[in-house]
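Here it is: the structure, laid out below.
Going by the order they are written in, the chains are A, B, C, D, E and F; count residues from 1 in each one.
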């Protein structure tokens, strides 16, 4: 599959199209809106589904393959916010608080972008199997998880690791901590315990008990502990319908993004450029890190997507507590109205393309 | 299958029974109520599911068969509100605004009634296959979409066209525009741009950007564009569970209808009669239009259901903006407490029966 | 399967683990919370699903087997609240109102605990089939509902009766009535029609029209009437995803239980002891009643779970109307923070263990 | 612009009472009301979730005599048995006809 | 602690009007507002569900002249055609700068 | 019917503050409160969705001195750092015992 095909495959998925429809709906001032509660329900569903499946996959995968990519994920989570902060301060002229808050968002990750990356790779697998069947390389009617099918994915580097959701979980928190520490050092005042924002302890608690981290880690463990037997009990609800639910969620994400588009003028061209170039740079780092630590091409691509994605659940909640002086207009607009659509529409096939080149597949 | 059997098949479906349970619940003053947000969520689900599946079916069907039924649908959408308006003014003595608003509702369509019509025909198909297997006409274990099964449906006129959801979409808007134009001409004052209600432009925008139209058209296009590959990704969420979700929705619709029943006295016997006879007349016109334009019997029946159904999502929203002087008591009670249950419980098997007679099958 | 294995099977199910995660989330003061509307939506789903499936199973099962267990269920629903009331008054020193309200809760039943008991037995069935396949007793690939599989369940007493959801429905109401009657007699004043609480008629209406009873009875009838054909239309939504949805519900139940834990101090050690020992006693009575009336071991275990479970949907609503002087702190804390988690985590495998002993299987 | 004085009565009560209270209010002469869901704490403990019950907040603009009879009715029939809080304020409104 | 007097304007109207009303309020000089969903009954019948439409309750704290122009605007543009109720009260606030 | 005067304090703040604010209110002497979710706009921009955060509206009926200490506490601890608006009104209530 060449780059253009992958681009179209991604662009023409119902998920991405639903996102675009959501943006259009706000542009034509449609009265379509999702109740808050539905948004919350969809978020809970997605986080639980990602966590459970990740935990189950972890329970059947080889943990010794895990520690290198795990370290790479932590490293990305530390380096990306530092670089981001420096760029935003130096070239973007943002103040300490805003630079730190934006850096926290770009170092952390977006579970929905991750979900879409997984969905994209599942579609790639289906396509490669279909192509192999048409080419006569495997017998017609080969099941999607038959050994022959796995061999096809393997040959094309599509057989992504089972522990990827663990990387998502690992990368959620560190960047936010790093950004907060930087801001406190830079503000050169020991406000760690001042009223200006929560103490570092508050922030840690907020982060670890924050709903996205709690659900991801919690259900990762539940999935791991309850294993195959547990997974089979809940898979008809959390596995097969996943991409359909994601479609609804991305429709809502499009509505929110559309409303945010007006803020693009307020944040200025620098942040728009940052919101596009920083993810590409991070993605490159992610692919290289993946290759260095021995991941499959698909795994490296997903790591790239994680590196490139900007958080909009965990990080905003943390910044409201830890960096109350930072303006949500900057960090929310950047992560939601620039980087999220960019990754979804262009980034995903682009990073796949880069990974194909780098892996030489 | 004879008329009585079809009647029972329809009446004993969980969907229709859930609706009746909802009505009973309000009669016994149960504390059962659906949160608004759940209602909205179910509506979004149904519209997206209908749109997506319709778009996918359109992408695999022959567009040259489409233009005649399409024109017939538009014609019905223009004629029904004109006739309705005339009847309501002349015999019902309604004032201009109320007559126009009610006419708009009866010319437009109900997506849920449509959904139930499709569900009914899917059940008919399953029954006909079962009967054919029992009769030994096809081999036991024949898949529902095997050529032999399709031949069975074909012979009984059950193989409805893939473009039916497109007809639903087409018929949503014109009747509302027609009714509004009539009312403005009749009020013999050029209030098109006055404060009395939105301008015609406002109304058009409201209609096209209105949530039901936007979701239906939007996902029709998404389904079309993303094709079979896209549909398979989301079908486990939007296809198989459809009738189950519809059951919940109809339970809620029953609750609302039950609360409306008290308004039956307020609207008087004329509107009750209109709410029953007008749909039957429209359905007849629909079947004939379907036959004339070469549709299958099942397709013509669904067109009849569309003609007979009264809108209660798009039309009320439009009338609130365009015809603020019309009373919701009339148009909501008529469409929700009279025509909706009538179509659901009696109309559907009745129109099927009429279609069988007219098609001579 | 021995007791420890069953214990682990139950403890390591995603449902029970999700409940525990919910409790932990409140303990670490997570910001995770479910919107009310989601809670209501999940409740409606579970009640409808239990009712529909129960009705369908009833429609294909032998009604002559039903009347003895049905009578046993009614007897349990009458005896348990009387015993509970006596114990609470005599040894717990509760006043009339609180004793009656708590007794009502313990005599009535919890649909969610029932759902978990069914889920637990379905897992037991899957395990026994797997074990039989591994032991070579049945052929690999035997379908879960093939005659050979049914024989395996049969031999282990796991083939629970189709009418169990009917027992759930039957046991919801009587205990509440009994408890209210006791309290009114005890208060030795004819306040049946006084302003102090609703009249007996109000209470009956409240109970029968109450949402849980109405949905259970209503969909039991719908499932019965629409039979196999109806069930197949909605099963992809109400059957396969059941355990997944239950997982989400139990996560939310864990959040509520966690918030209630603080009230444990307020209610004192007596109620804590009562909330653990009373269910065990009731469960024993349930198993014996099941054995005496000729139920399967699995059926008797589920009857035991019903006897042991305390209501937290129907009973609180009824007590607010009928016994407004009783304190929710007592009855809610007892049923939700003590008995519910006890039954879920320890009770279920314990009652299974007792049933195995008593049935000698 | 001329403004008129009216009374605004606010009742916060357990949500099961909503149908009864709104019926009472209208029968005592109010021409309308608005209602919304609220959580709360008070004498009867926390009412913050569907499990414990929640509260409804009803507000109605009425002439003073109607306000008095609503408060009297609430005090007599509801306060002794249910979780209820009620208060009254003076508000300025534009069109008297709408409320009397 | 020193308190200042301001006007609190409350508008209850059909929820479709929310974007238009909040735009008007801000353009007439209010520095903020709060909005929530309410059910209700009144001249235009019951508005208690998504099918019939529901209402929005908007409250804004403003100086007296702004309150007057908001009420005048509502009376002129909205009351004749829509289901709207509006009232004004006096409230004590702490920081004047926030509202003018 | 005899009515008594009390103060009604209303606080509108970002919803993360709800647990902290209600704890403060009760510890300063209030016997109860009611809380609901509201959207809003103000100095801190729009707070109209789960993504941007929403607001909570807390109302509590208290004796005047308690009202003063609540306002003082809010002004001191919350206003400098968070999106908060607070105001106070006089209301008539029926049963004094319930609020003191």
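Going forward, a contact is a pair of C-beta atoms (placed from the backbone, for glycine too) under 8 Å apart; a residue touches a chain by one contact, two chains touch by 3 or more.
Since the model is a prediction, treat every value here as computed from it, not as a measurement.
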{"item": "Graph distance between subunit A and subunit D, where chains that touch are linked", "value": "2"}
{"item": "Chains contacting each of subunit B and subunit E, listed by label", "value": "none"}
{"item": "Same or different residue numbers at the subunit D/subunit E copy interface, by half rule", "value": "different"}
{"item": "Label of the chain whose CA centroid is most distant from the centroid of subunit A", "value": "D"}
{"item": "Centroid-based (C-alpha) most distant chain relative to subunit B", "value": "F"}
{"item": "Mean-CA-position distance for subunit E and subunit D (Å)", "value": "19"}
{"item": "Centroid spacing, where centroids are CA-atom means, of subunit B and subunit C in whole angstrom", "value": "40"}
{"item": "Contacts with 2+ other chains: residues of subunit D", "value": "16, 36, 89"}
{"item": "Multi-partner residues of subunit C (at least 2 other chains)", "value": "31, 35-37, 40-41, 241"}
{"item": "Touching pairs - complete list by chain label", "value": "A-B, A-C, A-F, B-C, B-E, C-D, D-E, D-F, E-F"}
{"item": "Residue ranges of subunit E touching subunit B (in the complex, touch as defined)", "value": "14, 16, 44-45, 49-54, 77, 80-82"}
{"item": "Parts of subunit C lying in touch with subunit D, wherever the complex brings them together", "value": "36, 39-40, 195-197, 256, 312, 316, 320-321, 324, 327-329, 332, 336"}
{"item": "Sites on subunit B touched by subunit C in the complex", "value": "9, 12-15, 17-18, 21, 24-25, 28-38, 41, 119, 123, 126-127, 240-245, 247-248, 251"}
{"item": "Subunit C partner contacts - residues on subunit A that touch it in the complex", "value": "35-37, 40-41, 44-45, 48, 52, 205-206, 208-211, 214-215, 218-219, 221-223, 225-227, 229-238, 241, 317"}
{"item": "In the complex, subunit E residues that touch subunit F", "value": "1, 3, 6, 8, 22, 26, 31-36, 61, 89-95, 98"}
